[in-house]
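Next come the structures, one after another.
Here come two complexes built around chain A, the first alongside chain B, the second alongside chain C.
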Partner chain A sequence: MNPSMAITEAPGLFTADGLTGLIFLIIMAATLIGGIIACCAERLVRAVAGLMVCFVGVAALYYFLNSPFVAMMQMLIYVGAVCITIAFAIMLAAPEESKKNGPAGPLSGPLGFITAGIITFGLIVMALRTQFPILPKVNKGTTKEIGIQLLTQYSMVFELISIVLLIAIIGALVLARAGRSK
Partner chain B sequence: MSLTVLNVIVAVVIAIGFAALNAAYLVWAERRGAARIQRRPGPNINGPFGLLQPPLDGIKLMTKQIMIPGGADKILFMVAPVLAMAPAIMSFVTIPFSENIVAHNMDIGVLMIFAFASMGALAVLFAGWGSRNKYAVMASVRAVSQNISYEIPMLITAITVVMITGSMDLKTITSAQAGGFWHWNIFPSLHSPLMPLSFILFFICSLAETNRAPFDLGEAESELVAGFHTEYGSMGFGLFFMGEYANIVIGASLTTILFLGGWDCPFGLFPGVWWFLLKIYLLIATFIWIRWTFPRTTIYGLLNLSWKILIPLSLFNLLLTAGLLKVF
Partner chain C sequence: MSILALYNNLNTFLYLAALLFGMGVYGLVTRRTLIGMLISAELILAAASINFMAFNRFTAPDPTVGQIFTLFIMAIAAAEAAIGLSIVLAVYRNYKSIDTEDLVELQG
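On to the complex of A and B.
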């Protein structure tokens, strides 16, 4: 597919472009449906399942965008680690199906819908008005090149992310420590 | 683009066929092997050596009624077996069986297999939770804690091999070991004197990752009825089994590629897919042999083995290899 070509009419379903578009739509649908399930499910384990579908959809999107390394990291970290940790926490902490409880925040009800509507409208307007320039391919996106970039040009970002993780670990330790003395 | 898609679809269909055939006949091999080790007959009535037993079992499983226990989470209950099977199938796509027999070779093959393998634990979790059965929940908590703790040393050991080869491409890793068995990664070299140890670590981890005895705490039938698939009958149960055996084949393939030279012949003669198959089936035979020889460990022994022995050892191995690679 020639990216600089402006698409004036919808391509046929069985052409290369049509199939690509169909795959893209399926990925988007999976991501969105997963996200909706994650937000709306009554049972926490189902919410985790929805989250997993959403993460797999995002990973597929990365793969679709020709970045298999990021896609696989997404699978390994988000699906393989984050989802399992959440599910594990649910199993250890809440054996009973916990229903929604606690007072609803000020953003629930009509105000929430209005906020969501404004944000959605804003995003749509922005997406339609923005010119999407086709950037040239920087490199092949292999593991080696990503590693070199991460440890040279983007080493600051890389280190900052590790500090975030360190803070998370310390937080978890502090919480666990406090629980032990009780 | 579309050719690649077609390639992947054909590969997935072939992978499903390969996985199903393997599952059917590995169950047969497992039962015959178990019987031989425990000095009893095993399935030997249907067909020569009982070879017709697997298709008959398959027909039986497929014609059985699907029973969903009352109070179970229906959707999760139905999704879990599929989720156990699908990632295993996806992993077959990137495994090179020989120089030319590979569906879609990726330069991050190792990463892809681990990424999909990590989804297996979620299937077990959903199955256990969806069944609403206390034995199943207990079993899935055990199985998942086991999977998480053995994934760490397995990944670290795989990283050691990746560092030595300098590539995550399974094909490159295999080609780097070509030309006789003394080039294989399992044997110590100047850069990595502890390679046999890595192999043993990796092998133990792949036993634990596939929930095989002596690490089959997830389905300890003496304590937990049948573990996380207690409530499953018919093809749901069948899918779990297919997933388990597909995972065993993938574990054996990965061990073969990382340590035993893939499709390379030990003496440099006729490299090809037959050597690969020979190696993985020898490894699987070892899996079966170990399963029926050793008693089951306890969950504490299992977790201690991983966190107190395997992870420190694999980390030490990683550091040593990194240092030696830098020095030489």
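On to the complex of A and C.
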């Protein structure tokens, strides 16, 4: 029904395909466990550690999706930069001290769980019901082809990313410096 | 379909992304600190990227487009994290707290 590529019969566990499938299952479990830690952990430092595990798993998933370049970028940008930045912010803002009890808002607790469950269920049912057409590939999507496309057809995207990052750097400096002169 | 051939199936990745998205939404509505909400937003962005990459691998005719879009999402997420965290630090300097309940000055 939905596109599954070459393999149709069940591969044995100790063939190359079977071991690949086993590694994929482990990676999938790591991603989900990391996500659960990131959204449910009591301490924010643990949540960042869970987010890191989750992002390493996502990078491995990108590798399974034939995109080693994006997997490397995921490791560099998310695991190496974003998580470290969040960890620094946690250390600078020290949010652990003022811990309050009681519900954080009307949607926290079971109602929030139901909200997230409904959204997840809707997405899964939508993926299950939809028939996605498979189109023939026009190229292989290697790193070289990404580079050529990024500097010819999608050069606007490239320039936009540069400008967005420049504005983000300047904005972060301005915002973080504002109160320091007092 | 065997459980060991799951990695060759589009639906596996879509379910995984849906679960990550649900976790992100759950964290976003339950967290009481700004940094916790930012962590959950990162989970949502990761779920969106997984969806793009899965469709890119299995159905799209040109497999470079989804990868370029995912790179764009990464740059946006990095910019969002930098700006968001500097806003958090500015808030912490003014209020000595990053709890969302303390930031109610504009509440009527």
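Everything below uses one rule, namely that the second predicted complex is superposed on the first by the 139 of 182 C-alpha atoms of A that agree within 3 Å, B and C clash if a C-alpha of one lies under 4 Å from a C-alpha of the other, contacts with A are read in each partner's own complex, and residues count from 1 in each chain.
Just so we're on the same page, a residue touches a chain if its C-beta (ideal position, glycine included) is under 8 Å from a C-beta of that chain, and two chains touch if they have at least 3 such contacts.
Here the structure is a predicted model, which means the values were calculated and not measured.
Chemist: Give one of first, second, both or neither to describe whether A:P68 is in contact with chain B, with chain C, with both, or with none.
Modeler: The first partner, chain B, only.
Chemist: Return first, second, both or neither, reflecting whether A:I124 touches chain B, chain C, both chains, or no partner chain.
Modeler: In the superposition, A:I124 contacts chain C only.
Chemist: Among the partners chain B and chain C, which is in contact with a greater number of residues of chain A?
Modeler: Looking at chain B versus chain C, the one contacting more residues of chain A is C.
Chemist: Now for A:V164: first (chain B), second (chain C), both, or neither, which partner does it touch?
Modeler: second
Chemist: Under the stated touch criterion, which partner chain does A:T20 make contact with: chain B (first), chain C (second), both, or neither?
Modeler: Once the two structures are laid over each other on A, A:T20 reaches both partners.
Chemist: Tell me the contact category for A:L92 with respect to chain B and chain C: first, second, both or neither.
Modeler: In the superposition, A:L92 touches chain B and chain C alike.
Chemist: Kindly classify A:V79 by the partners it touches after superposition: chain B alone (first), chain C alone (second), both, or neither?
Modeler: In the superposition, A:V79 touches chain B alone.
Chemist: Chain A residues touched by both chain B and chain C?
Modeler: Residues common to the chain A contacts of chain C and of chain B are 20, 69, 73, 81, 88, 92, 95, listed in rising order.
Chemist: List the residues on chain A that touch chain C in their complex, please.
Modeler: Chain A residues touching chain C: 2-7, 9-11, 13, 17-18, 20-22, 24-25, 28, 31-32, 35-36, 38-40, 44, 47-48, 51, 54-55, 58, 61-62, 64-67, 69-70, 73-74, 77-78, 81-82, 85-86, 88-90, 92-93, 95, 98, 100, 104-105, 107-109, 112-113, 115-117, 119-120, 123-124, 127-128, 132-141, 145-146, 149-150, 154, 157, 160-161, 164-165, 167-169, 171-173, 175-176, 178-179.
Chemist: Using the touch definition from the top, list the residues of chain A that touch chain B in their complex.
Modeler: The contact residues of chain A facing chain B are 1, 16, 19-20, 23, 43, 45-46, 49, 52, 68-69, 72-73, 75-76, 79-81, 83-84, 87-88, 91-92, 95, 142-143.
Chemist: Show me the residue ranges of chain C that touch chain A in the complex, using the header's touch definition.
Modeler: Touch residues, chain C against chain A: 1-27, 29-33, 35-36, 38-40, 42-43, 46, 49-50, 53-65, 67-68, 70-72, 74-83, 85-90, 92-94, 97-101.
Chemist: In their complex, what parts of chain B are in touch with chain A?
Modeler: It comes out as residues 1-2, 5, 73, 75-76, 79, 106-108, 111-112, 114-116, 118-119, 121-122, 125-126, 129-130, 137, 140-141, 144-145, 148, 151, 168.
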